[in-house]
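Look for chain A in each of the two complexes below; its partner is chain B in the first and chain C in the second.
After this line comes the complex of A and B, so read on.
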C-alpha cells in the first residue's frame, strides 16, 4: 500500500500538469478572472450554491456542520454544501484531478503544505484581492497565521483550522521524580536533563516518548531559527534546495539520536495515526511526549476515563534548541477556486469570512481544541470558560502568538511531502537502523533536494 | 488408501496432529478478525488499555450505528454492491469470450494480440489513471455508475486465466462436439465453460474482491455521497483520533460483512466448482 502511494501521487500530478497546459481555455470559458469578483454575488438573482471540500471528522465535523447550518440560516444569498474529502492528501489529489475534469470545489480546505502546489496550479483566487476590495481587516489575526499564507507579498489563503505541536507531560510523574510539576522543560537540553531524573527516580521507564514525525522536526528547526529550505523558506523566490544538513540541524538530529540511544526517549515509530506515544504517558512508560495540539482532546478523554488513575496531563510550548523562538502555523487553510463562476467565488469568500469571525473561531476552539486565529476570540465567554477548565488548550494559542524570527513563518515548498518523506526516512534510519547522525542527515538532505528538484523540473 | 495397513492408533495420532496444526493456523488467521470485532464493542479507553481486553463484558453497540451514520454506510453499501456486481459479471463474461478466442480460434496476429493482452498486466493501475479520468470525463460519465464500473469490465489477467483453463480442455472434445453439430457458441457454453468452472470461480472471487476494495478510483471519479463506495466511507471514519477507534473498527466490520456473507452463501458452489473441476480435469 505504502509503496504504491508515490506512484499514485505522480500520476495525479501528471493530470494536474496536463491540466495546467490545457487549463487556460477551460478557465476562460468559466471565468478566467483575475482579482476578486465581489460584485458578482450582488448581481446573482437566485441563491448561490457553493460546495466546500473539507476534511473535518467527528467532533470537528459536528462543529463545522453547526456553523454551516447557522450560516445558511443567517442569510439567503449563499447556500453551502459540505463535501467530505476524507483527508488532506485525498483532497489535494482530487483537486489536481479536478483541474482536468472540472470537478473543483468553490471553497477548499487544504493542508499547510499545499501552498506551493496550489499556487503552481494557478487555479486559486489571490485572496489579497478580496481583502483589498472588501476592506477586510486582518489586524486581529494572530500575525503568523496571515504571514504563513502570504507569498510574494499577497495573501493566498485564510488559515482554517489551525493547530501546532506542543509538549504534553504528566505532572504526577514530575513530582515523583522530584521535579517542579509546573516547570516544563523549555529547551531540548532541559528535556534531556529532566528525562535523566525521571528515569533515575523510576517515575517512568523513559523520560519522553518520541514519535518519528517529520513535521515535529520542521517545528524544531523553525523554533531554532533555522529555515527548512533556501530562498528564505521559499518565500523569496522558489525554493531549490533544502537546508537540513547544517550545524543547527546537526544539533537537533544529535539530540534525537542521543535521547533514543541513551534510553531516555522511547521511539514509537512513524506510522500515521499511531498514538503509542500518547498512551505511554498513561501506561507509565514515559512522562512526556510531543504531539499535535489536536491530539489533546482525545488523549485527555482517554486519560480521564478512569483507565489510568494517577495521571495529571499538562501541556507546555514545544521545547526548542535554544530558549525562545516561534512556531509556524500547522493544519489547514481555505482556498477559493478561480475556475468556478464569479458569483460562486464571491459566495465562497462570504462563507470563508464567516468561518473566520471571532465568534465562530471561539466556538470552534472551545468545541475542538483548535487554535482560534483571531485574537479577539479569546474574549468570548465560552472559550474563556473552556480554557479556565482546561488550561492545556491555551498553550498552542500562546505559542503561536509568541514572537519568532523569519524561520517561524514556515516554508513554501513545491514537493513538501517529498521533503517530509526524506526527513522521516532519515530519522527512521538514524533511530532504528543505527545510521550515524552525519550519514542520516546527508541522506535526508540529498533526498529532499532531489524531491524539490524533480518537482521544479516538472513545473518548469 | 494404503493407510488401512497401518495400526489404528497411529492413524488417529496423525489425524489429531493434523487437526492441531489446522487449529493453530485457523487461530492465527482468525485472531485479528476476532480482535477487530472485540475492539468494535469496547470503549476507546478499554482499547487503549494495557494489557488488552480480549472479551467485551459490556459491549457498546452504539459504535455500529455511529459508523453506519458517519460513514454513510447505507448509501455506500448499495453503491458498492451495484458497482461490484457489474464489474464481476462484466469481467467474467469478457474473460470467457477472450480466453475462448485465444484458446480455440485461429486468427491473424493471434500471438501478437495475446502478448498485448499480457502486456497490460505489466502496467500498474496508477499509470492509466490519468488517461482513464480524461476518457470517463469526455464520455460524460464523471460521477456515475458507468464511470465507476466500465474501466474494469475487461482485464488482461482474466483473459489470460481463462485461456490457460481452456487450453486444458482436450481437443478431442471439440472435434466430437463439432461432429455433433455444435458451433463455437454451443461448445463454449455447454462444454468448455463447465469444464473450466474452477477458473471461472476463482476469477469471480478475484474480480469481486478487487472491485469491492477499490478506493482511489471511486474517490477520484465521484463528486459527492451519491456515488461513493464503501471503502471511502471507511476512510471517512479514519482513526486518527484515539477517542473514536471503536467506531472505525465497527466500520471495518460493516464493510467486510457483505464479503463474509457472500462467501458463506456461495461456499458450496465455490468448493463444488473447484473440486468437480479438479476431478474431471
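After this line comes the complex of A and C, so read on.
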C-alpha cells in the first residue's frame, strides 16, 4: 500500500501531537518511560497527590472511600483523590481521549477486557518492573488473578476487584420439585434434567432464566477448556482469529438453544441494565439463573426485602459442559499510567499495594461480595464470619481457586467488545429468530474475526 | 481535486444562496451613481456577517472539511500511532459494507415509522383541540405536555412500561416473547413509539398554530354552501395547513435521522443491530471501536443523506404546497 501524507494533514497531526504533549506532566516523556520509578516518591515534594479513576458505586464505593481515607490517614507521603467514572466502558473511552488531551489518571480501574487495548496504547507502567524492584511477593494471590494479567511473561496490572459468574438458585423451589436443595447442578446436562423436574412439578414456570449475556459464553468455553481466540488466547502472540465455531462451541450453543426452545429456560434478553433474570427468581418464573457474583449483594437485598417471601437463595459454581474446569477472572484491574510524573507513578504503586493487602481484600469481600484476591485474606475473622452467615459469597472464591487448563487464564483480545457483540448477536439470532446453531456460530465467528482484524489492521 | 466528491452538494448550496440574493438585489441594481455607496454598503454587510461567518467557519465548516479529510485515513485505536492514507478506499469500503446498508435501511424504516404517524396523530389532536369548547385549554396543555419531556425521561418511562416483569404492557396482556425491546422484530417499533410520543407535543403545537391561522370566514362560507365538517377538513383545512405539514415533514425527517438518545438508553443498537440507526452506528464506531476514520465516513454519509433528503423535500413538496396568504 502506498503511504502518502499530504502537507495539510502533517500540519494537523503536528498540532495534535503538540496538544498531546502539552497536556501531559512536564517531567515525563510521552513515549512512555521504561521501568518503575519507585525512588521518585522519596525525592518528590510530599504529599504527592494522585487521582484514582474508579467505577465503584453504592456499597462498593462506600468501602473504597473508607479504605482510601484509611490510607490517606495512615501515612503522609501520598494523598489519593477518588474520581468517579460512570462505568468501565466510559472510563476506557475517557482514557483513550485522555491520551490526546492529557486528562489521564495516575491510577485507573479498567475492565478485564481492556488488557490488549491498554497494552497497545503503551501508556501504562509494566507492573512487573515494580514487582521486581520492590521485591513484591505475588505468591499469596489466587494464581489465576496474576496469570490473567500476565502477558508476554510480565505482569501488567493488579487484579482489583474480582468477580465471576455463578449459578444462583432458590432452595425452596428445589425442595418443591423434589430435588435435593443442597445439590446444585454441576454440568449443563444436569441443569437440563433438573429444569425438567422443576417445570414438570410446577415449582416454577422455567427451570433457569438465562440472560443472552456474551461473557457467560466466555466462561462456559473456558470451563470446557476451549480457548476463545487463537495463539493460546492471545497470550502467545497477538490474537488474529476467534475460536468460536468448533465442536465445544456447538455443544454449548446447542444446549442453550434446546433449553430455550423446549421451554426449560427463559431467555431474558441482552439489553444493558436488564436484570429480569434475577427478578424472575423472586417472581417465581424461574428456579435458577446465572449472573455475576457481584450481583449477589443487590439480589439478596431485594429478595430479603420481604417483597418476595418464600425464596431462599443459594449459589453454586457455574455449571460446565463437563465436570470440573476453571474460570478466568472477571471485573476490574488497576493500571498505572506512565504518562504522569514518576513520583505519581510511584505513589500510585503504593496505593495499589495497599488496596491489595489481605486486610483490605478481606474487608472488601465482606462488605461487597467481591472475591478476595489474596488467599491469606480468608483467615480474617470478619470475612470468615460473613461467609459463615452467607455461604453464597464464598462460591466465586472457591470457583476461582479451582484448577483449570490454559483456557481458564482467559483471553487477551484487541477489540474484545467487538467479539462480545458478535457473540451476543449470534446468540440472540439463534434464540429469537430460529437461526440454526451452525449458522449462528458461523456468523458470530465471522463477525468476531472481522472485529479482531479491523483492530489489528489499524494497530499497524 | 481532493474535495471533488463534495462539489455537488456545495454547488447546490451556492445555487440556493444565489437565487435568494438575486431576488433581493434586482430593484436596487439601477444606475451607476449609487456605485460608491453600494460598495460601502457591501463592505458593511460583509463586516456584519463576518462574526457569524467566523463562528460557522470554526465550528461548522472547518470540522466538516476536517472530517471529510479524516475519512481518507485508516486511524489507529489511540492517538500516537501512525495513521495510514487509504484515500477513497475507505469511503467505498464503508459505504458498500453490509453493516452500513443495514443501518441505512433501519434509519429509513425508523423515519417512515415515526414521521407520518407523528404528523397524523398531531394533526388529529390539533383538530380536536381546535374546537371552541369550555376547558379545551386543559386538553391543549395535556396534548402539548410531551414537549417538556426530555428524550432520556421518555425513554426511561417507556422502558419501564415495556418491561416484561414490572411493566404495564404485560399487565394488560401485551407480552410478546421475547419482550418488545429485546425482540429483533419489535424493537424498532418500540423505539418508534417512544419517539412518536415524545415529538407529539411539538407536532401538536405546530399543527394548532397552523389551524389557528386559517381564517374563520372560509369555513363559514363553506358551511353556508353546505359543506360538512369532513368535506371542510379535506377541502379547506388540509390545503391551507399544507405549509405547516410540509415544515413538520422536513423537520421531523431530519429529527428522525438524528435520533440517538432513546436508542442509546433502551437498546444500544440491538438486538442483532435491528435498531442500529446511523447516528448510533457512528457513535459506536467512534467510541467503542475507536475507528475515527470509519466514523468520519459514516458522518459524511449521514450529512449527505439528510442534505439530499431536505433538497428533495423542498423541491418536490414545495410545488404541492399551498402558500396562499
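The rule we apply is simple: the second predicted complex is superposed on the first by the 428 of 460 C-alpha atoms of A that agree within 3 Å, B and C clash if a C-alpha of one lies under 4 Å from a C-alpha of the other, contacts with A are read in each partner's own complex, and residues count from 1 in each chain.
Heads up, the rule we're going with is that a residue touches a chain if its C-beta (ideal position, glycine included) is under 8 Å from a C-beta of that chain, and two chains touch if they have at least 3 such contacts.
Because the structure is predicted, anything quoted here is derived from the model rather than measured.
Chemist: In the overlaid three-chain picture, which partner chain does A:86 touch, first (chain B) or second (chain C), both, or neither?
Modeler: The first partner, chain B, only.
Chemist: State whether A:299 touches chain B only (first), chain C only (second), both chains, or neither.
Modeler: first
Chemist: If you count the residues of chain A that each partner touches, which comes out higher, chain B or chain C?
Modeler: Comparing touch counts on chain A for chain B and chain C gives C.
Chemist: In the overlaid three-chain picture, which partner chain does A:458 touch, first (chain B) or second (chain C), both, or neither?
Modeler: It touches chain C, and chain B stays clear.
Chemist: For A:389, decide between first (touching chain B), second (touching chain C), both and neither.
Modeler: Neither partner.
Chemist: For A:137, using the defined touch cut-off, is the partner it touches chain B, chain C, both, or neither? Pick first, second, both or neither.
Modeler: A:137 contacts neither chain B nor chain C.
Chemist: Do any residues of chain A touch both chain B and chain C, and if so, which are they?
Modeler: 4, 8, 12, 93, 100, 272, 279, 283.
Chemist: Per the contact definition, I'd like the list of chain B residues that touch chain A in the complex.
Modeler: 43-46, 48-50, 70, 124, 126-127, 129-130, 133-134, 136-137, 142-143, 216, 219-220, 223-224, 232, 235-244
Chemist: Can you tell me which positions in chain C touch chain A when the two form their complex?
Modeler: 2, 66, 69, 73-86, 163-166, 178-179, 181-184, 266-268, 270-273, 287-291
Chemist: In the complex, go through chain A and note every residue touching chain B.
Modeler: Where chain A meets chain B, its residues are 4, 7-8, 10-12, 14-15, 18, 51, 57-58, 81, 83-84, 86-87, 90, 93-94, 97, 100-103, 272-273, 275, 278-279, 282-283, 295, 297-299, 301-302, 305-307.
Chemist: Quick one: in the complex, what on chain A touches chain C?
Modeler: Residues in contact with chain C: 1-6, 8-9, 12-13, 16, 20, 30, 89, 93, 96, 99-100, 117, 120-123, 212, 267-272, 274, 276, 279-280, 283, 414-415, 417-418, 424-425, 428-429, 431-433, 451, 454-455, 457-460.
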